[in-house]
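Heads up, the next two complexes both have chain A, just with different partners, chain B and then chain C.
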Partner chain A sequence: MTLFIQQLFNGLALGGVYCLAAIGLTLVFGVLRIPNLAHGSLYMLGAYITYFFLTTIGVPYIAAIGMAAIILFVLGVGLERLVFHPLRNSPHTHHMIAAVGAMFFFQALAQAIWGADFRRMDTPITGELRVLGAEISAQRIVIIITAVIVLALLAWFIKRSIHGQTIEAIEQDRIGASLVGINPSMVSMLTLGLSALLATIAAGLVAPINLLSPTMGDALNLKVFAIIILGGLGSLPGAILGGFVLAIAETMTATYVSSAFGDTVAFIVLVAVLAIKPNGLFTKAVQR
Partner chain B sequence: MHSVSRNRSRRLLAAAVVGAFALSLSACGGGGSGEGDTVVIGYTGPLSGGGAAYGENVQIGLEMAIDDLNSDGVEVDGKPVTLELKALDDKYAPATAASNAQRLADQDKAPVVVSPNAGAIKAIQQINSGRSNFLISAYTSDPAIVQSDNPLTMMIPPNFESYADEFTETAMEHGGKKLTLLGTQSEYGQQWTESITESWSAAGGEIGKDNSIDYATVSDFAGPVSKALAEKPDAIFVGGPSQPTALIMEEARKQGFKGSFLVMDQAKLDEMATVTKLDNLKNSVGVLPVAEYEDPGTEDFLKKFADKAGDKKVATSETALNYQGIAIIAKAMEVSGSTDDPEKIREAITDALPEVDDRYKVNGFPEEITDEGHLVNPNLEATFLDDDGKYTKIPIEQVSDNK
Partner chain C sequence: MLTLDNVSTGYDATDVLHGVSITARAGELTVILGANGSGKTTLFRTISGLMRVRTGTIDYEGRKLHRARANAIVKSGIAHCPEGRHLFGKMSVEKNLRLGSYPHRNSSRTEEIYAEVLDLFPILKEKAKQPAGSLSGGQQQMVAIGRALMSDPSLLILDEPSMGLAPIVVEQVLESVAQINRNGIGVLLSEQNAKASLAIAHRGYVLAEGRIVLADDASRLLDNPDVQAAYLGL
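Presenting the complex of A and B:
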């Protein structure tokens, strides 16, 4: 039972990270209709820039994540302007190739600046919490709580604020939204910026329990794609539920079935969902 | 109008491309044949992607050796020779490594190509003694590469299978009889897991489930560690790259594990101490850190390494053994009197070994090379890091490379 509680918390913390990363990706898909394959490398850059503020400059942890998130927001906007916007009228494959190009560029950039070596990011958050006999590290509690707060703020932003509502409007009907005066270009920039910002928060939270390396985004990239397909492309609740379902399935399978199986389960769940409900759990995105 | 200017600009572009190509071709030719006293040492390794840190460590060793040899002066057949390193990125892919090696041998006339990865070496062995001839300076501890009877392979590190028995004995003595497996899922990691499993069972120990995980893709090690500890082991086998291995050991200690660790040779205890507290690493058996060697050149080597790579980086055997490897090859060129006949160079290694200057002996210098091409240091040692944070050397009896 202790093991179960322990793994449940580990799964929830992992789920929080997956969620934050997946939501950005699903938003971008909803608005720009492209799978942004460079998402994992934005997450990686977010981690390195947080590391830069925390370790090199010496800014407090939360502030470092915040500052990195702002920088990545700007970078996300830049990515939309310089890469995706000029390609808006080309076939979809062009976007994918451009995104892969951006991914390799960001990885090479990180290696040139910070080197290929693994780096460790220490945080001031230490100590353990005892929950029903299980030892949960404070960092994991922070991850879970922050993820919930950020998700709540995001939901408020999209449902209640004017700028957020424009995102949803464009997702639902690009032409209709333009007709009522919403500028799709602005919304595209906002969305990519937001997705990079969310990925940075995820990266800043998870970095202290793992290591930084230029390829740290690769494994996450695959999983977040599985999550948003599982949840339904473009669907927010789908990404949230998908993130937690996948993380807990992964941890529990690794614990009770086989370690080697843990990473694979994401894709088994994915195949199962696609076979039964091809549009994902929350069918929202209009497939074009 | 529009189409004319477009046509013209296209023609211009084409001319520019052809021109640039011709220029670069002539530049290549000039560099290769003009001087005659420069010998290219080829290197193909992972310089980008997940293995980049490893590839760079190897490259630093090669560069250091070549710098030192050039300043000491290499003389072959009465003529001074300048060594030059040419490094190509293979991203850990064997097929790319093979085509890189082919290119280095054909275009740059490299008599020697260094590769630090078993898969890549096996691929290069298909092409190095046929139409092209070049010696492979092979940095892998997988004995399969010398079992293949390739006449032009020099295997540098010790066979990893040698460690299993001594590791088992030490870990049992300081931990207990029950082992859990938590190594990485790479091909090499799995070979180690097998080798340790065999030794542990043979010594009468008990082994739990195989909890191996892919160190590169797991985002949070707490889960796998909790699972491994649920078996209540006395000893844990860990290992992959140093840094993630250190994190796993830290997590195990945090979750209350008191037993001993068996650390695969890919992870280096002193390098691990750069990402976690030494306390978390105590009571472990692993390979001996370079800084613990007392070879004649070790101290100077460490100083030069710090100058080149910075104080924060730890010199590992990837750097040190490849440093030695190039010194051996340079001496073999001198002894054989040839810089372009890989067969002669390979043959001369036996006579070259005792001739190598002491300053190049840094990390357990080999005394002989087997007929199959494996450099052997008869005094191989591993280490036990005890509760006081002291390294105790453990002599390792080496197993035969034959299957």
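Presenting the complex of A and C:
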């Protein structure tokens, strides 16, 4: 039972990270109608820039994540403007090739600045909490709490604020949105910026648990794609539910079946969903 | 006043509109008649900036609009209620209407216009919290017209507002269009129901294969034998 609670918290913490990363990807898909294959590399850059502020400059942990998130927001806006915007009327394959190009560029950039070796970001938050007999590391508690707060703020932004509503409007009807005076280019920039910002928060939260490397975004990329397909492309509640379901499935499989098997769960789930219900498991159940 | 001078546009290599010139006078109801595929929808999409003008000019109250984007054109006072409505189907009726005021979102007039729209379509008051996509066709058309009105336009473009609606609902929709025009908003309307639309219009144009073939006062178009034969089924 103690092991189960321990792993449940591990799964929830991982789920929080997956959610934050997947929501950005699903928003970008909803607004720009493209799968942003460079998403994982934005996450990777977010981790390195957090590392830079924390370790090299010596900024406090949460502030370092915040500053990195702002930088990545600007980078996301720039990516939309310089790469995706000029291609907006091109066939979809062009976007995908451009996104892969951006991914390689960001990886090479990180390698040039920080080297190809793994780096460790020391856990700034130490200690453990005792929950129902299980020892939970404070870092994981911080991840879960931060993820919940950020998700709540995001939900408020999209549902209540006028700028957030423009994202939903474009997702639901691009022509209708243009006719009420919404500028689709502005919303595209906002959405890509937001997705990079959320990925950075995810990366900064999980970085003290994992190691940093220029290719750390690749595995995450595959998983967040599995999550948004599981949840239904473009669906926010789907991405949240999918993130937690996948993370807990992964953690529990690693614990109770085999640790080597944990990562493969994502892809078994992905293949099964694509084969049986390609529109996603939660598209009917959780309509927005 | 809206003036199109010799406007041509189209998709890919083919032009759909060939040198169209029309005028919609301020505060008047102008109707565009024409068979399916004659270019009515393309004409409206061009005015509202959803399609690019290839040659010719569009002028609205002294401002050149033929290079402007849709989001800028709605700010200048032209609201387009498109064919197929293009509502935000999963959002509530109220959110749809309120997003209509996006161009003037900080204006103090928003609440006033919102109340006017609900006066015009009282049924929407009951449906305010329901997703727009769950409403009947006629009610969705009311949301679409209401959303367009929320931008506080001086000219409202309505592309076949009665399409696919039951006859009794068609009557209601056209009556509300006439009401909007009586309230002082200019209307540019395309309509399958030529007789009913000419009855409430000031002027009319007949569009055929992307060209204006007839332009006259609405009452004279009603009596025109060619129009009667082609569009009134007489």
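We take it that the second predicted complex is superposed on the first by the 279 of 288 C-alpha atoms of A that agree within 3 Å, B and C clash if a C-alpha of one lies under 4 Å from a C-alpha of the other, contacts with A are read in each partner's own complex, and residues count from 1 in each chain.
We take it that contacts are C-beta pairs under 8 Å (C-beta built on N, C-alpha and C of every residue); 3 or more make two chains touch, one makes a residue touch a chain.
Nothing here was measured: the structure is a model prediction, and the numbers come from that model.
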Superposition on chain A - do chain B and chain C clash or fit: fit
Partner chain in contact with A:Pro214 - chain B first, chain C second, else both or neither: first
Touching partner for A:Asn183 - first (chain B), second (chain C), both, neither: second
Touching partner for A:Thr166 - first (chain B), second (chain C), both, neither: second
Angle at chain A between chain B and chain C, C-alpha centres, nearest 10 degrees: 140
First (chain B), second (chain C), both or neither touched by A:Gln111: first
Partner chain(s) touched by A:Ile175 [first = chain B, second = chain C, both, neither]: second
Dominant toucher of chain A (residue count), chain B or chain C: B
Overlay on chain A, chain C to chain B nearest C-alpha distance, Å: 18
Doubly contacted chain A residues - partners chain C and chain B: none
Chain C - residues contacting chain A, complex: 48-50, 69-71, 74-75, 79-82, 85-91, 95, 99-100, 102-103, 105, 147-148, 150-151
Complex contacts: residues of chain A adjacent to chain B: 3, 6-7, 10-11, 13-14, 17, 107-108, 111, 115-118, 120, 128, 135, 137, 140, 206, 209-211, 213-215, 218-220, 251, 254-255, 258-260, 262-263
Complex contacts: residues of chain B adjacent to chain A: 47-50, 52-53, 55-56, 185, 209-214, 216-224, 226-227, 230, 241-244, 247, 254-256, 275-276, 313
Residues of chain A defined as touching chain C within the complex: 162, 165-166, 168-169, 172-173, 175-184, 287-288
